[in-house]
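Below are two complexes that have chain A in common, paired first with chain B and then with chain C.
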Partner chain A sequence: MPLQPSLDAASARSALLAVENVAVTYSNRSGSHEVCSDVTLSVGRGEALAVIGESGSGKSVTVLAVTGLLGAGGTITQGSIRFDGEDITRLDDRERRRRGLRGRRIGMIFQNPSRALDPVFTIGQQLNEALRQTDRFSQPELRRKGTDWLRHVGLPDPEEALDRYPHQLSGGQRQRVMIAIALASEPDLLIADEPTTALDVTIQAQVLGLIRRLQRELGLALVIVTHDFGVVAAMADRVAVMYAGQVVETGTVDEIIRAPRHPYTRALMASLPTGIPGTRVTALPGSVPSARSMPSGCRFHPRCPVAVPACSVTRPVLDSLSESRAMRCLLEEAPAS
Partner chain B sequence: MRTTSAPRTDRKPTSSHVDAPGLAKRDLLCEVEAVSVRYPIRRGFFQRIVGHVGAVESATLELRRGETLALVGESGCGKSTLGRAILQLEPVAEGRIRLLPRGGDTPGASRRALARIAQVVFQDPLGSLDPRWTVGDLIAEGIDVQRLARGAERDARVRELLAQVELPADSFHKYPHQLSGGQQQRVAIARALATKPELIVLDEATSALDVSVQAQILNLLRDLQAEHGLTYLFISHDLAVVGQFADRVAVMYLGRIMEMGAVADVLAEPGHPYTRALLGSALRVDPEARIETIPVLTGDVPSPRNPPSGCRFRNRCPVAMPGCAALPYGMTGSLHDHQVAACLAGNSA
Partner chain C sequence: MLTFALRRAILGLLVLATVAVLVFVAFRFVPGDIVNRQLEEAGAVTPALLAEKRAQLGLDEPLPVQFYNWISGVAAGDLGKSLWSGRMVSDQIGAALAPTLQLSVLAILIGGILGIGAGVAAALWRGTPVDMVLRVASTVFLAVPQLWLGLLTLTALAAIGYFIPLPYRGFTAAPLLNLQQVVFPAAVLALGVAAALSRLTRSAMLEVVGADFIRAAHARGVSPSGVYLRHGLKNALIPVLTLLGTQFGNLLSGTVIIERIFNIPGLGNLLFESVANRDYPVIQAAVLTYGLITILVNLAVDLSYGLVDPRIREARA
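And then the complex of A and B:
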């Protein structure tokens, strides 16, 4: 472990997390389904990557693959996941724990805080578990550090909150406790899967502001999974757009929001409510296909407004357009507008 | 509208049996007058009632025929409770709710009579559709219960409804789990339309849907409204959707209406500090709107069991002053225009 997260040019450029051509398959008695195919992502220290997509796009499965939490029946069938230079694609639970990939070096925040917190332990006990991963602390030290973290995340009466149980806190408070726990072990990478979807807007702004501030202060790499372009605009440096288990476009936040190029990204942006009274929303017809019935060729072609016959036959690959930009579309040579 | 609104402002809530001028009566579909809804707090082995939570406190609003009124606010503000009270799913502790359907007769206490006038679509379509029923039977339930049609006539009406919500005719014999989320929500909408109601309460009806599907459903709802002259009570927390979809909006906080008016007025020139805070916290799809630029409210959301005295927003309000603790609640401005809850910092509406 480096003593300080100093960002020299080389370490900033080399990705802390690199997901390459990863495919994930879930199998059960009725057969196996590839829910993620050919996912390529990377994030460096101090950088925030947003993974955006609709439900069924494979964004959550991708981060579960990174954290080794795919669950029963889920396997990575292809590709590699590298963390800080090491291949972590096929490590078992024990090895992950030994290498500190569960909490100490990779922190996780999930959408539902009530399921991620253990109801029979106090907030303090659960925080201590994370704090003990960084160093050996005495009981009073743990208490002081725990109080500090709860104060960081803006919990009222932090000292008192240490002795409370999760059910005694509100949803927003529980979410902030989960962020405190994820950050208390001072991870290198923080993965936040829809961290604010269940929260009210005023609390959402508070929680996201906190994640961003701590990410900057601690030089964390952040992967934020969301379906909300507002969250992307507020938080991300770079964006990966996913559709039907594939990354279809990547770029900087400016590029993706100001000048989306993939027909899916464009259609998604167009279907956002504009807030202009009385106008119709430009709806994208159809819905995300299921892993059981993936279209041939380009997976977006049945819904694509600019599809040509070749799109139903040829599978497009993720082509690099520039240093920051990549796109998966046959029409990229002649963009229709 | 303006000519009819003048005499109505002077009317006292107690005089509601007196006929309002004819025009006003025809324009109004629902009057909510100083309505409070309270939930009992039960404690101990015998579940004795030890107090009440005011989920909605003296809310006054009106629904005009053919309009979309949005109720917005954060969780626990009472927006869903108010919608449920209008549907007679919650008892009203104080005040009154009056429906004025086209037929002229206000429905009595019977839920069955009310179901002919007002229907509801909830957020979670799968949770509100019985998994053992086919789509056809689910849509026909209202027709069967109200004995509106039988046999072939009933099936024909169901197929007509399927077409109206743009579902394929072969959905008739399918089960809800065989449909996508957007299609399930279309079934829920068809079910609501089956009794030919005048009012549909849309309780976060598009919140669980993906943006591309949400756009489809919003457009469908708008088409149905134009075709059938429907009135919508659109309960939502998403200000961008409300701005586009609704005609008027009422902003609620901790059981109270804080501001109400035409969507364009309220969202463009919010009069109450809470509305301003709510709009300020909303994330925008703009790379300039980084999280660092979003103002953050301090203070925790108070519990509805123990709301702050005076103005309920005062403990989080950026412009609060000592007098706010004793400020009585009341709406300023006309019920027919832009109304803002009393505020010491001064209303800009």
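And then the complex of A and C:
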């Protein structure tokens, strides 16, 4: 893989989180496969970045790599992850905890709040674990702070909710609790991995609104993983579009939504329902290739509507187009069809 | 919760009644009776003497009548008298209960701690030599009969020149001496319990460790011991508790032979002797006592689920 020029050296240096050319490999007895190769993205303080892609594109793996929660068999095989100037690429669990990378500086919200909350402990007990990351508090202090956080995330009867168990809350309330837990240790960076996918449609907007409001109020950096352009538009300042384990296009939300340039981004946009009756949705045929059988050349070429013969041979690199924008495509002068 | 306990109590009584009928009937079919044994020892057996003696003990009446006489006594709290010694059965049971309870509680404590500890360790160090050693050890101790392990322990102790002091003394009378007498039989019983528990704990922990809430706990900075011992173990505990209950039953049956081997004057020894003598009232009372203990332990296990899992607590409320 050719060494790539940094997207934007200056912004990467000042970025709170900078992921550069990261590859993640999962291996077990039956072999190993790279689920994520060459991911480059960055987030500054107070900035919200959306990572969008189909399932299997490696977006969740990317954020798990940042938090060091890849799980059994998963390792970062290439590239680097820097957080607030520190290289955190290869830290073990103990070191991550010691440096406060778990909870105190990086908070995380998971996809399914019903499964991410321990069913046999109360909300208060789980919230206390997060609160204790910042300081030693007495029981009454923990209770007061816990109540404050639950009120902050808009839970009805916050004081009583501390003594309730996860199954006694609704799905939306559980995700509010997860948000409170993630923020209670006052992190600088909040990572939200498809935070609304498991929720009812009517609740999704409320939870997204809450995350966006708290992110702005607390000046947090936010990385939100999603497969939904609606979420991108509502939540983020910048977007990274991922396909088959690579970032294929990045830019500001405005740029990407108004003028997507990578054929994959355009195909994703075209597959969105417009809400106008009678208009047809253009579905993107096929699915994301599996890590075991990656196409040669450009990974998108088998599904690409504008592919040329060279696309199946030459691997495109992520080239910056402007200060804020980069794209991975051989046809950089892609037809503006 | 209260109605739940009440339902379980009624069910327990039904089980106990069934046990009473079974033990009563079963032992009447065992050939030879106490009259034979007693007169054999006296050395003068004539049919007339046999019949007279049987009538004296009420053994000539039809079985249903005998059962009625016995069960109505039991219901009124009278377990009858030993046919052999003439002592009150309740006194004998009372004296034998304490050593058995002490032995089995000690064994379940040692077994529980060892087994759950080994299971957690094997799960956390899955695939490492620690895991291998623990798994092999648990298979071995699951397969070895307690009788053999008990005899082996005695022999091994004798070989290194250690003899368990005799005779048996109660814990309140001589605590140190008592512990020396009880710790080895308890350990023998505990190994079987630990072997079964560690296997289940390991698989239950492995299942829990892959759960999302474990990853979420890591993500919010909970210490490894907090993640695995608090969140992991508490979630893995329900199947382990169930097995602990059934293991207590196994352990009780193990005490019969272990008490015999280690000379502990508990229920097992009492049962052993009364079976040899066909001393019906003592046999029946001892078996009923075992049944009662088993039922109470299972009730306690059932109630403890609610302590571990709030969802079960609510479903019962």
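Here is the rule we go by: the second predicted complex is superposed on the first by the 318 of 337 C-alpha atoms of A that agree within 3 Å, B and C clash if a C-alpha of one lies under 4 Å from a C-alpha of the other, contacts with A are read in each partner's own complex, and residues count from 1 in each chain.
Keep this in mind: contacts are C-beta pairs under 8 Å (C-beta built on N, C-alpha and C of every residue); 3 or more make two chains touch, one makes a residue touch a chain.
Because the structure is a prediction, the values reported are computed rather than measured.
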Exercise. Check the residue A:Ala182 against both partner chains and state whether it touches chain B (first), chain C (second), both, or neither.
Key: second
Quiz item: In the superposed arrangement, which partner chain does A:Gly85 touch: chain B (first), chain C (second), both, or neither?
Solution: neither
Practice problem: Considering only the touch criterion stated at the top, classify A:Ala267 as touching first (chain B), second (chain C), both, or neither. | Solution: first
Quiz item: With the two structures laid over each other on chain A, which partner does A:Gly71 touch: chain B (first), chain C (second), both, or neither?
Solution: second
Practice problem: Please work out whether A:Gly31 is in contact with chain B alone, chain C alone, both, or neither, and reply first, second, both or neither. | Solution: neither
Self-check item: Which superposed partner A:Leu117 touches (first chain B, second chain C, both, neither)
Solution: second
Practice problem: Have a look at where A:Gly103 lands relative to chain B and chain C in the superposition and call it first, second, both or neither. | Solution: second
Exercise. Return first, second, both or neither, reflecting whether A:Phe229 touches chain B, chain C, both chains, or no partner chain.
Key: first
Exercise. Identify the partner contact of A:His167: answer first if only chain B is touched, second if only chain C is, both if each is, neither if none is.
Key: second
Quiz item: Common interface residues of chain A with chain B and chain C?
Solution: none
Quiz item: Where on chain B does chain A make contact in their complex?
Solution: 74-75, 180-182, 210-216, 218-219, 222, 237-241, 243-247, 263-264, 267, 277-278, 281-287, 289-292, 294-297, 300-301, 316
Practice problem: Sort out for me which residues of chain C touch chain A in the complex. | Solution: 211-213, 215-224, 226, 230-231, 234-235, 308-311
Exercise. State the interface residues of chain A toward chain B in the complex, per the touch definition above.
Key: 54-55, 156, 170-173, 200-206, 208-209, 212, 227-235, 253-254, 257-258, 267-269, 271-285, 287-288
Quiz prompt | Sites on chain A touched by chain C in the complex | solution = 67, 69, 71, 93, 97, 100, 102-104, 107-108, 110, 112, 115-121, 126, 129-130, 133, 165, 167, 178, 181-182, 185
